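Every chain is named by a letter (A, B, C and D) in the order it is written, and numbering of its residues begins at 1.
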Amino acid sequence: MSCSARLLIQCADQPGIVAAVTRFLFEHAANVTHLDQHSTEMTGGRFYMRVEFQLPDLEPPDARLRAAFDAQVGQPFSMHWSMIDASVRKRMVIFASRTEHTLQELLWRQARGDLAVDIRAVISNHAETEEHARRFDVPFWHIPVTPETKAEAEAQALEVIGEETDLIVLARYMQILSPALVDRFPERIINIHHSFLPAFVGADPYRQAYERGVKLIGATAHYVTSELDQGPIIEQDVARVTHRDAVDDLRAMGRDIERRVLARAVHWHVEDRVIVSGHRTVVFR
Amino acid sequence: MSCSARLLIQCADQPGIVAAVTRFLFEHAANVTHLDQHSTEMTGGRFYMRVEFQLPDLEPPDARLRAAFDAQVGQPFSMHWSMIDASVRKRMVIFASRTEHTLQELLWRQARGDLAVDIRAVISNHAETEEHARRFDVPFWHIPVTPETKAEAEAQALEVIGEETDLIVLARYMQILSPALVDRFPERIINIHHSFLPAFVGADPYRQAYERGVKLIGATAHYVTSELDQGPIIEQDVARVTHRDAVDDLRAMGRDIERRVLARAVHWHVEDRVIVSGHRTVVFR
Amino acid sequence: MSCSARLLIQCADQPGIVAAVTRFLFEHAANVTHLDQHSTEMTGGRFYMRVEFQLPDLEPPDARLRAAFDAQVGQPFSMHWSMIDASVRKRMVIFASRTEHTLQELLWRQARGDLAVDIRAVISNHAETEEHARRFDVPFWHIPVTPETKAEAEAQALEVIGEETDLIVLARYMQILSPALVDRFPERIINIHHSFLPAFVGADPYRQAYERGVKLIGATAHYVTSELDQGPIIEQDVARVTHRDAVDDLRAMGRDIERRVLARAVHWHVEDRVIVSGHRTVVFR
Amino acid sequence: MSCSARLLIQCADQPGIVAAVTRFLFEHAANVTHLDQHSTEMTGGRFYMRVEFQLPDLEPPDARLRAAFDAQVGQPFSMHWSMIDASVRKRMVIFASRTEHTLQELLWRQARGDLAVDIRAVISNHAETEEHARRFDVPFWHIPVTPETKAEAEAQALEVIGEETDLIVLARYMQILSPALVDRFPERIINIHHSFLPAFVGADPYRQAYERGVKLIGATAHYVTSELDQGPIIEQDVARVTHRDAVDDLRAMGRDIERRVLARAVHWHVEDRVIVSGHRTVVFR
């Protein structure tokens, strides 16, 4: 269901929060079309909430409404909150390396209107990735990376990203971003790792999975933090494998898992369904 | 999470419902510990809501609170609503035939404290089912059924059920209840059908599944209505099968699906998570 | 694992079949790299077998080998058998209508080398489908179909298909093929139906699923026979839905199921893993 | 399908193995009712095979047949092989601690005839576990374990186990067996670990899973080796969780996963479907 605005809230739990929020919206003639809430404990825990609402004449939320909400609800409950104009498309930049399957999946979903974002650029350290971006008429930047040129390459990438990018997706990008770059986009960089984390951190996880003899393989979409493969998990999924599957079979089956796991995570982020809470995420679906 | 009370609501959608309900609870010093809500359409649809809340000193909801809610919220919004004292265990009667797996699953879950119900009786048309009930010290009634004695048998069963039974579970009970009996317990009889409905209605669904050559088999827990296998579905699940699985293998794999599907459905009903809406259910998990 | 040749066998079960086949291959210096076998009953049932083998110097199987096999093994056991040169790529034609997701999935898999077929043509009754075929440089034919021109349209399609097409895939093609056309390609036309058959045969299955209130939706890939949605099932899969999912949400989730179910079925057919047996299939994976 | 005998084979791969085995069986009038085979590489890999067969008059395999097989097939191919009389029920001993769900699942499956073993004893370090064993009339031994009495307790357990036990199952037994005991039963002790290994090795894996914020939890059945939680994996499965699930919810959902994963692994072991190969298992299903 579409909506004109969304409200995301996080604060210490206490009685009356839902009543205060819904009363505020009612008094401003907003129609709540969806509301989801979560408390970590019966008492004394943490409170999370997501509300979809329509303002009269489908107007977007303006500065006056935000100021009023902050004064009447946000500050009294010491909330972290954001009120989002749902009609504004988020701007996304995708980093990719040579394997194109997750890149292709995102480009295709966006092209057919299933993913409501503007893709501003595809950046890759491999020139041949251009053909995939061009297939969907998306601007492409080839930025090679070597140990020596890494700082320079990131500077170049930052220029492409610019000031107004809402979301960076690492679509099987095999380079590790510097902490400086990661820290600039907190909770705004999504990576797909090709294992069921925390199993098989690091390189070549399908080979690791094969050697350990697991009976299911998986993939994990998570926000990137400066610790490798340790960021808050948004989504995971698995598929069953058998002794018949060699490492390359795991890779092929894994591609399908990676595509759907990353697509779901990006979709939920774009619809403001994810709230980060320490090492964990709350995903309101 | 435990709670002292639950509120289930169903009505025509309109602005201000959540605000009115949460304000009422806040003004009566109730602490909302969980709230879930669903609207079928952006505007003009149907509204469903489930709230868990704690009253001061963990008191149960009393007649005064109910009357106040009805006057201030229930009637103004033309709600169907119920306010449930969560500390009162529901009373359950189980019907079983010869196959005992779903019966055993419910008895075991109740015995270990995972299913917060009182099992008042197990009724079976087969005497040998007694040993399963006795294993868990549950009263057993053997009520044989023949085409000639069906009315009599149901009269006898009704006496065992009595006036205060909240839930009847048909745990692979192979007899069809009369419409008269079914109509006495609307939305309070749960059946497990051993197929993924609406596929394979009727007798011997695993044989039907085998003959059609499906690649997944399933089970369905639903409320019983007077139309066979047509009641509102509460839960379904499936498992993968191959050409190697003969009809008996399907039956064996099916037993595991049936056990978990029925256990979930009963669990959700007991925690007042299911609202029936026409042919469909809303399940707040 | 690649191989140079494959052997598919179907016959009445009797002692000594595996021994006779493997002895024949051994005596012809073939190295069995994979063997799978299935008997429907302990005695007196039906026997199915698939063997992958390498001939010396990776030679393809020739007419002499086939004649020898027929004389020494095929005829003595009254087998239906085929010996396939695995190095020859199958030729595939895809029919599509307006929705492009399954078409796109097949084109993309073929382009990246995951599906070892030659796609000779995409045929559609909608001109706008051309852009999807062109994205992957595959020949496109626009053949409109109206009730009046159906016979003519099929004649035109048959010309495009030609004599040497091994496999026809209906990738959400919304037209029903005539029995005459279907009968020309027995066990060589694969359709994807957007429900978990046999539930929701016919039109708009996602709406049917929504109205019945099922808790899982599915898709089915099957060989096309002249009876609508009744052909032997190759693969099925499902995904969990809730009361929150409107019909359009089911359609969106269904697209992901359809893509992977059809891709798997085509993949298995192309690798000669499917043997049709009455209304059922044996799928050697 | 039942059978009178089973053959398990493991050796270096080379041409002609299947032919030699099936020819031997055919010449001894054995009817192959099921055959499964696996090679790890196209050439030069390792070969695994499982055959179910019927001897004339359903006789069990005798010493003469075994000697003939060894001379004609086993030794020429340097095989590790075993020929098993399928009519002899394996003898099983179960170790359990306080949580009874996996114990109960095995006892119940055995009692209803779904698990073709003799359960010779349940051993527990907790006296209250006796009631679960008694419910199914299985001999129970209470053997307390403290750091000081561990050696003595194991000696006592070994007496209960005796010389003729084929399989030991650790049904959520919370004590670590000594390497001396483990080494006495290679590939004959099955443990259920309550996580998706290799994630969350060691104590309280559901708490670890909660804190890491994973979106699926799992369980793993594996053979016990002297390295904790590192033995060859037989089976794994997972279930989806959300931010709503507290640690206790994970434990409750986990119980259902553990029950079915352990039951499957024991079932496959009992039917001689598992071949250990280094750190991995081949499971012929």
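Brief remarks follow.
The rule is short, and it goes like this: a residue touches a chain if its C-beta (ideal position, glycine included) is under 8 Å from a C-beta of that chain, and two chains touch if they have at least 3 such contacts.
Only a predicted model underlies this, so the values are computations on that prediction, with no experimental measurement involved.
Note on connectivity: the fewest chain-to-chain touch steps from chain B to chain C number 1. A count of contacting C-beta pairs for A-C and for C-D identifies C-D as the more extensively joined pair. At the chain A-chain B interface, residue numbers used by both copies make up over half of all numbers present, so the two copies contact each other through mostly the same positions. With centres defined as mean CA coordinates, chain D is found 37 Å away from chain C.
The residues of chain B that reach two or more other chains are 1, 244, 246, listed in rising order. Contact residues on chain B toward chain D in their complex (touch as defined above): 1, 100-101, 104, 108, 112, 114, 135, 244, 246, 252, 256, 260, 285. Interface residues of chain C, counted against chain D in their complex, comprise 1-3, 15-16, 18-19, 22-23, 25-26, 29, 31-37, 39, 42-43, 54. Remark: chain D residues 38, 40, 48, 196-200, 211-216, 218, 232-238, 242-244, 246, 277, 279-283 touch chain A in the complex.
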